[in-house]
Amino acid sequence: MIDLLAGLLLLVGALFMFIAALGLVRMPDLMTRMHATTKSGVLGAGLMLLGVALYLAEAGVLARALAIIIFTMLTAPVAAHAIGRAGYFVGVPFWEGTVKDELKDHYDPDTHILASPKEEEGKG
Amino acid sequence: MRPEVALPILIPLLFGAVSLAFWRSQRVQRWLGVIGTGALLWSSIVLLDATRRDGYLIMHMGDWAGPFGIVLVSDLFGAIMVVLAAITGFATALYSLASVPRELEKFGYYPLMHLLLAGVCGAFLTGDIFNLYVWFEVLLVASFALLILGGERAQMEGAIKYVTLNLLSSVLFLSAVGLLYGLTGTLNMADIAWKLGQIDDEQAGLVTVISILFMVSFGIKAAAFPLFFWLPASYHTPQVAVSALFAGLLTKVGVYALFRVFTLIFTQEVEFTHTLLLWMAGLTMLTGVLGAAAQFEFRRILSFHIISQIGYMILGLALFTPLALVGGVFYIMHHIIVKANLFLVSGLVYRLRGSYELKELGGLYRDMPWVGILFLIPALSLAGLPPLSGFFAKFILIRAGLETGAWVAVGVALLVGLLTLYSMIKIWGEVFWKAAPAGESAPETVERRSERSRGRDLYFFYLPIAGLAVLTLIIGLSAQPIYVLAETAAGQLLDPAGYIEAVLGVRP
Amino acid sequence: MLLAVLSGFLLAFVAPWLARAAGRYSGWLLALLPAGLTFWFASFLPEVAAHGSILFEYPWVPGLDVGLTFYLDGLSLLFALLISGIGTFIVIYAGGYLADHPDLRRFYVVILAFMASMLGLVLSSNLIALFVFWELTSITSYLLIGFDHEDEKARKAALQGLIVTVGGGLALMAGFVLLAMAGGSYELAELLHEGDAIRDHALYLPLLLLILFGAFTKSAQVPFHFWLPNAMAAPTPVSAYLHSATMVKAGVYLLARLNPSLGGTDAWLLLLSLFGALTMFTGAVMAIRSTGVKRMLAYSTVMALGTLTLLIGLGTPTAAAAAVTFLLAHSLYKGALFLIAGILDHETGCKDFRDLGGLRGKLPVTAAVAALAALSLAGILPLFGFVAKELLFESVIGAPWIVVAPVTLLALASAVLIVAAAAVVGIRPYFGPTVPTPKHPHEAPPALLAGPVTLAALGLLFGLYPALAEHQILAAAARAVHGAPVELNLALWHGFNLPLLMSLVSLGLGLWVFSRWEFVRARFDRHLEPRERFGPERGYELFMEGIVRISDWQTRLLQNGYLRYYILTIVITLVALTGYTLLTRYPVVPTPNLAGIEIHLLAVALMTVLAALFAIITHSRLGAVALLGAVGFGVALVFILFSAPDVGITQVLVETLTVILLVLVIFRLPGMYALSRPRARYRDSGVAVALGGLLVWLLLLIQETRFFPSISAYFIENSQPLAHGRNIVNVILVDFRALDTLGEITVLALAAVGVYAMIKLRAEDRQK
Amino acid sequence: MDTIMALVVGTLYATALYMMLRRSIIKLVIGLILLSNAANLLIFTAAGLTTGAPPLVPDGASAPVGAVADPLAQALILTAIVISFGVLAFAVVLIHRAYEIVKVDDMDQMKDTDT
Amino acid sequence: MFLILQPLVYLILSVSLGLGFFRLVKGPTLPDRVVALELIASLTVGLIAAYTFFSGQTAFLDVALVLALTAFLTAIAFARYLEKGGQRDD
Amino acid sequence: MIALTWNLLLALIWTALWGNLSGTNLLIGFIFGYLVLAFGLRDIPEFARYAARVPRLIRFFFYFIGELVKSNLKVAYDVLTPTHHMRPAVIAFPLEAKTDGEITIVANLISLTPGTLSLDVSRDRKVLYIHAMYFDGDEPTRQSLREFEQRVLEVMR
Amino acid sequence: MKTQMNSLILRTTGHFLLPLLLIFSIFLLLRGHDEPGGGFIAGLVAAAAIALYLFSMGIKSARQVLWVDPRNLFGIGLTLAVLSGVPAIFYGQAFFTSQWWPIYLPPFGTLKLSTPLFFDIGVYLVVVGSVLTIVLTLAEAEG
């Protein structure tokens, strides 16, 4: 029974990874592609690891599986943030269906310092 | 368990490591440079002496029996090479005290030198083919770093070629080791030789194929034809002490490796492999010496001549008779000392006159005849004129060649000797005999020149040069003990069974 | 004996200091050694005359059959006496002649070393020792020819002499080795008795040619004669003398020495007598064409060397006798003449006969000595030269039928010309109207005159009492040359016979030529000058230029500076050699092994391959870096999927760090432009595919042909029990094979030092 | 799978060489990196491929149960990886510095020092 | 027991790897490639998980652990390069 | 912090009593220690907060997993269907989180949940710029984000 | 130009991840003899940690947090590695014969103090020192 659940977790995890990969291919622009990979990638890998931990049922395995999940959740968004930000700076185009961009004009092009809307207003 | 075998590796390693740790204090590094290479010299002589007495010296590193652990093996050939490396190292260390600019010392000159020597000695002493690769890499990367020390444009350009082609050679070597391991399942050279001795004749062909990979890889390292390109592209660019060290040692490691594997391991189809080597030897001799004829820069001439002399050494291996191997070993001994010394002399000339260009030099014999003598001894020895070391080296090879009936190779060797003399005399005529150029072509004024010929630092130039010159004379004038040494070494090389028995304790 | 031979070298070492101490008398002081040696050698005369030969043995490199064995017989003793005796006067002479020269002390060093080398050469019994001294004479003579080294002509002449003689020397060395192989020994003393074995050996002809090549170059035989007169161009007459009269005789000595071993064959006869005769005639022609004092003497020396070669080649007892007699006579008169040439130069500042005349009043002693020597040169009664010339004519007319006609004719013609030359030498400077000279001439000092006077006097003495020379030395020498006792019967007067007639003819014609000297020279010049372009000297020049040109061409072809061609050459060499070996040595076709294929393995393999392929076609640098990252992950996955966790982790980490490194570095690097032409790309892809294919082939062969199982079973079994570690790979790294790891981290540290130096130490900064 | 891996290794060698033969200096870097990967993989393949059996001894045991992958080959590759990383780091920086000094990216223009 | 599961999971992951690789090659911008590389790293973790699951060899989880902690550095490095104004030839 | 230290200390004492320092034993000791502390020292505010945080954390964990799955399904749907249903937008979200740690955790968790991706934080740390995939007007989007932030901060503070 | 990115998120993550990565690297170092890991891998992880610090907080912070100049590290590491092979000689054994000095620490079990461990620590230091020397030097040269 537990084996079955573990197998299921593994399969579902793999499917999420597949979705992430498909999203990477299918999504129209950088940002939306990152949505796919960041979330599904983390979730997929996490589920698969949980499946492994469940199946092998060893403390060591569980601990390592959890550590991997935590580390992934810690690092994946940071990477996404860094790339998204960099992509924004170098002007990677948004999908034409993008509704609005409130970030526009808030970056200082030289120092890469990001001002908040309030600051901008204060400056007038 | 013979600790002597490991000392020539561990001493320079330790001194290199400690020098690295003291990278802020150049004074300490200089002291360590001289003491370390001196200690290396001492340990190498102890090793040679012990090896001469006992035949083979074995050390199982970590106490793991061969073929499982790494076995250090000192046979006479290896021990001789270690002594030569130590001599060159010690001479260049002394020479460096005066010739290497202080700012280069800050950037690791001495540690690099120690570690280069460690790599070289490691290569000479290891009995393990993969460990040989590792030591090759150690000496190679040390040489990379020494080559670029200074950051001149020419150094960079030369280094790119040097690094790329040597990397190619290393990868080839590594690949060959991988394939050989797949075939024999072992890395210990004695074990490989022993196992390959048991295979059927039909399968020997596959071993021969693998041996070609080794031949090409070591051929690159030895700067043999047509694989030598990295050498003339780079050897004239670094500090001259570095050039001397390289000229004396690096290609010889390749030659050593060729000697080692083609006497110990790949002797299944000698008439095929060693015929290839014979071709390689002849063409190497010829291209090298011809390359030099068109050069008019001191160090470039010397660099091209390294190639042609590598040909002589390979000739000794290719002929594969006892006398030929004696000639090869003798030639290596002679060449290392003489070639390193010539580079040192070129540096002395530069120190005295500020140029390496023959056109800009002149008048040194008039002003400083003893410098002329210090040049003539190694130069004429290089050309194989008697009674200097190079004469006997050449004579043995020629005799071996004639006794084998290798007429063409002997003809080439003789012609090359003549052209070598031509090059050396060209240098002699331009640098020493010709009057110092005046006017535009003169790099410096008369006052500046006379100022240059003074200075206490000059002793550190003369000392190693004179020491090596004396060695050249000794090898020539009292060739008998050296000959006996080479003969014994060659005897061991031709007796793989003895090597295998010493390392593995089995008699094939 | 060893000390005697080597004493010259020892003295050479200390000569500069001794010379400094002795000041003006340095020449006299240093001459004590050669003088002493002369007497010492002379003390052997009776013993040699009685027993034939004495052998002295000192070991040197017994392993190579090289020993300092000295063989003293008539021939070597004659040479030894000439060398040390004349050497004595040369040293004295030099002390006077070069008294004000700044390099006098260096001159002593070289001349003494030269003398010692010559002694060693003629005394050595061991072929290799002989060769060693042979080469030493080449080097020391090089230093002597180039003594005025700041003069380019001197340097060129020195180089020419060196290249020709050393080139010949190398052939000689090969010849000696073959000779030893044929004769079974490196000792002349033994080879002299092995003549039959050597002549019958298959290697006889090659070894003969090689040895002759060596001897001919050294002894300036046609066509290698050109270097000798050039050697006169710059240096002092002293050294010039040594070259023309002593060193060059080394070749003749060798021929004479080996005559018993090699002679007596048709090849020997033809080669020596014809080349000798040709040289003799060429030397005579060139002598008469010359106007320079030293040059004319030098060519007359060439003529003498040809004569000697011819005589040795003839192989008759008379010829042997003639050879040794002529040798002695020539040494005496030529020595005197060269030293007189030096006096003329020293006193007048002129080096050309056309600038000299009427000096007999100013230089009476010189003139008298010159007359004696010239008479001997011309072969006129009652001088020793006459004795020699008679024997020469007797030898040529008694030559074997096959050569008799040409050698007789050439000998006669040469004699005519040499008589004329002798007249120029003996008459021209001293008689006739006085010609003004740059220097005001005085009679030369004793140091300069001692040599010429003694030598000329000896020429006269031996002429009057030829038996003196015969019994003391020449008989023994001739026996050594011929290999059997020879009846000499030297006498000034043999009665009227054919040789005398020839002498008279040559004398008459010679004097006629002298009277029309200018006319004869002009005729020769007109005929010969256009042909000199094709002469042997031109050959030498072409050879030297050719070397440089080939060198240039080869360097441009091979060392062309293009890294990619270097790589290409190396890889093509590798593929060709390995492929050839595969075809000829192991033509086995491996069978593919497709067992164990799984989808994910296949996917990983495919991704790795595709990533690598795309990395080479992409035009984006960072895209390529990212693709390299994919290759790295692919390789890591291969490691993981095939059970190598440690390697996998390492690969992942190294991959990450490599990308970081590339990104840090690439910031300053240029873009990836396609710079090559399509043809180059096709060619390179071809080579690349060939390399890849080769390795695939090898891998497949290895995979199906494992000779032995791996030794790693030992590690697997013993890792835990013996090395207390459960991660076998790590245990291998830190224990079983710790030395590898030590080397590996050394590499890493070295790379870091290198990178640090590269970045921090900038050439531009250093110059500031 | 052995054959497939051999093909992968061969392709890596071929691509590496192709890149090293280009004139662009940066392609040389890429070629060198591919080359070292190729060599490591070659040793791995030549030593034999084993799935699912890493050379580890279970806790408490004295030797692994059943056959495991060749640990020696892995140790060699590990050493080789580290060495090639060091060498590559040096080479990459060298090329970077050479470009800074010589200011050409066309390798064909770096040929002044040879002759 | 997992007769179908094993090939199925491997198939899914393999196809995903192919898709990720496709984006890596296609781009069109550098950040796209970097994201693709990140996904390939994630897929490597997934493959390791699957491999551990089916082989029972837990040692490989350590590889995943290291990967999870360090793989994102690649992305950071690229991002930093872009932010520093490095040439973007995509 | 004191509470956590105490808890760890109890766990160590537990293992010392058993004489067996294994991971499992330490975990058991930690759990028992937590229970003991939560029960025994619940009148001390410091310990009470500590005790209360754990259930909140667990609750948040499940909430977060739920959101993660939801967002994934949404993305999956969009990825798998041929047409795109999304309305992406970059919006400025005023933060309540104050410290660097809070902001980072909020931003990272936002990146992992419903169709949102944190792009950057303004210099004055007051505004987080977010790429939202399913933008349904300023207020609704900000509202759901604010709710999420609250839950995170609850656990953190 | 500065070597770090001006990002609060990255900075904070860096602060948090650094100790995590460092402790992880020590963990990998100490257990390498028994499980995957070892000096080399551990050293690379530590170097990666500092590299992350470099990217997120700049070269100065990275140097500060490292506390020693990485150039000292590889010299010391190499010395340690070489010296770890020497003690065997005092026991009359070959160089690099491993020596074991197990230390019993009652609650924790046995600490397997040994020359291979010192060797591995040497490896670790060399790796950290070398990689960081390369990375930091390059990063400095950029700006």
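Order of writing sets the chain letters: A, B, C, D, E, F and G. Residues in each chain are counted from 1.
Everything that follows uses one rule, which is that a contact is a pair of C-beta atoms (placed from the backbone, for glycine too) under 8 Å apart; a residue touches a chain by one contact, two chains touch by 3 or more.
Keep in mind that this is a model prediction, so the values were computed, not measured.
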| item | value |
| --- | --- |
| If a chain touches chain F and chain G alike, it appears here | A |
| For chain B and chain D, chains touching each | C, G |
| Between D-G and B-G, the pair with more C-beta contacts | B-G |
| Of all other chains, the one whose Cα centre sits farthest from chain B | F |
| Core chain by centroid distance, with centroids computed from Cα atoms only | B |
| Centre-of-Cα separation between chain F and chain A, whole angstrom | 16 |
| Distance between the centres, which are taken as Cα means, of chain E and chain B, whole angstrom | 48 |
| Averaged-CA centre spacing for the pair chain E and chain D, given as whole angstrom | 20 |
| Distance between chain centroids, defined by C-alpha means - chain A, chain E (Å) | 13 |
| Residue list for chain C, restricted to those that touch at least two other chains | 555, 559, 561, 563, 567, 571, 598, 602, 621, 641, 643, 645-646, 649-650, 653-654, 656-657, 660-661, 664-668, 671-672, 695, 699, 702-703, 706, 710-712, 715, 726-727, 733, 735-742, 744-756, 758-760, 763 |
| For chain E, residues contacting two or more additional chains | 13, 15, 17-18, 30, 34, 36, 50-51, 57, 59-60, 62-63, 65-66, 69-71, 73, 76-80, 83-84, 88 |
| For chain A, residues that touch 2 or more chains besides their own | 22, 34, 42, 60, 74-76, 78, 81-82, 84-85, 112-113 |
| Chains touching one another, given as label pairs in label order | A-E, A-F, A-G, B-C, B-D, B-G, C-D, C-E, C-G, D-E, D-G, E-G, F-G |
| Residue numbers on chain A that touch chain E, as the complex places them | 3, 6-7, 10-11, 13-15, 17-18, 20-22, 24-25, 30, 33-34, 37, 41-42, 44-45, 48-49, 51-52, 55-56, 58, 60-61, 64-65, 67-68, 71-72, 75-76, 78-79, 82-87, 89-90, 92, 112 |
| Complex interface listing, chain G residues touching chain F | 7-9, 11-13, 15-16, 107-109 |
| Touching residues on chain E, where the partner in the complex is chain D | 51, 55, 57, 59-60 |
| Contacting residues of chain C [partner chain G, same complex] | 645-646, 649-650, 653-654, 656-657, 660-661, 664-665, 667-668, 723-727, 730-731, 733-735, 738-739, 741-742, 745-746, 748-749, 751-753, 755-756, 759-760 |
| List of chain G residues in touch with chain C within their complex | 32-41, 44-45, 47-48, 51, 70-71, 74-75, 77-78, 81-82, 85, 96, 98, 100, 112, 114, 116, 119-120, 122-123, 126-127, 129-131, 133-135, 137-142 |
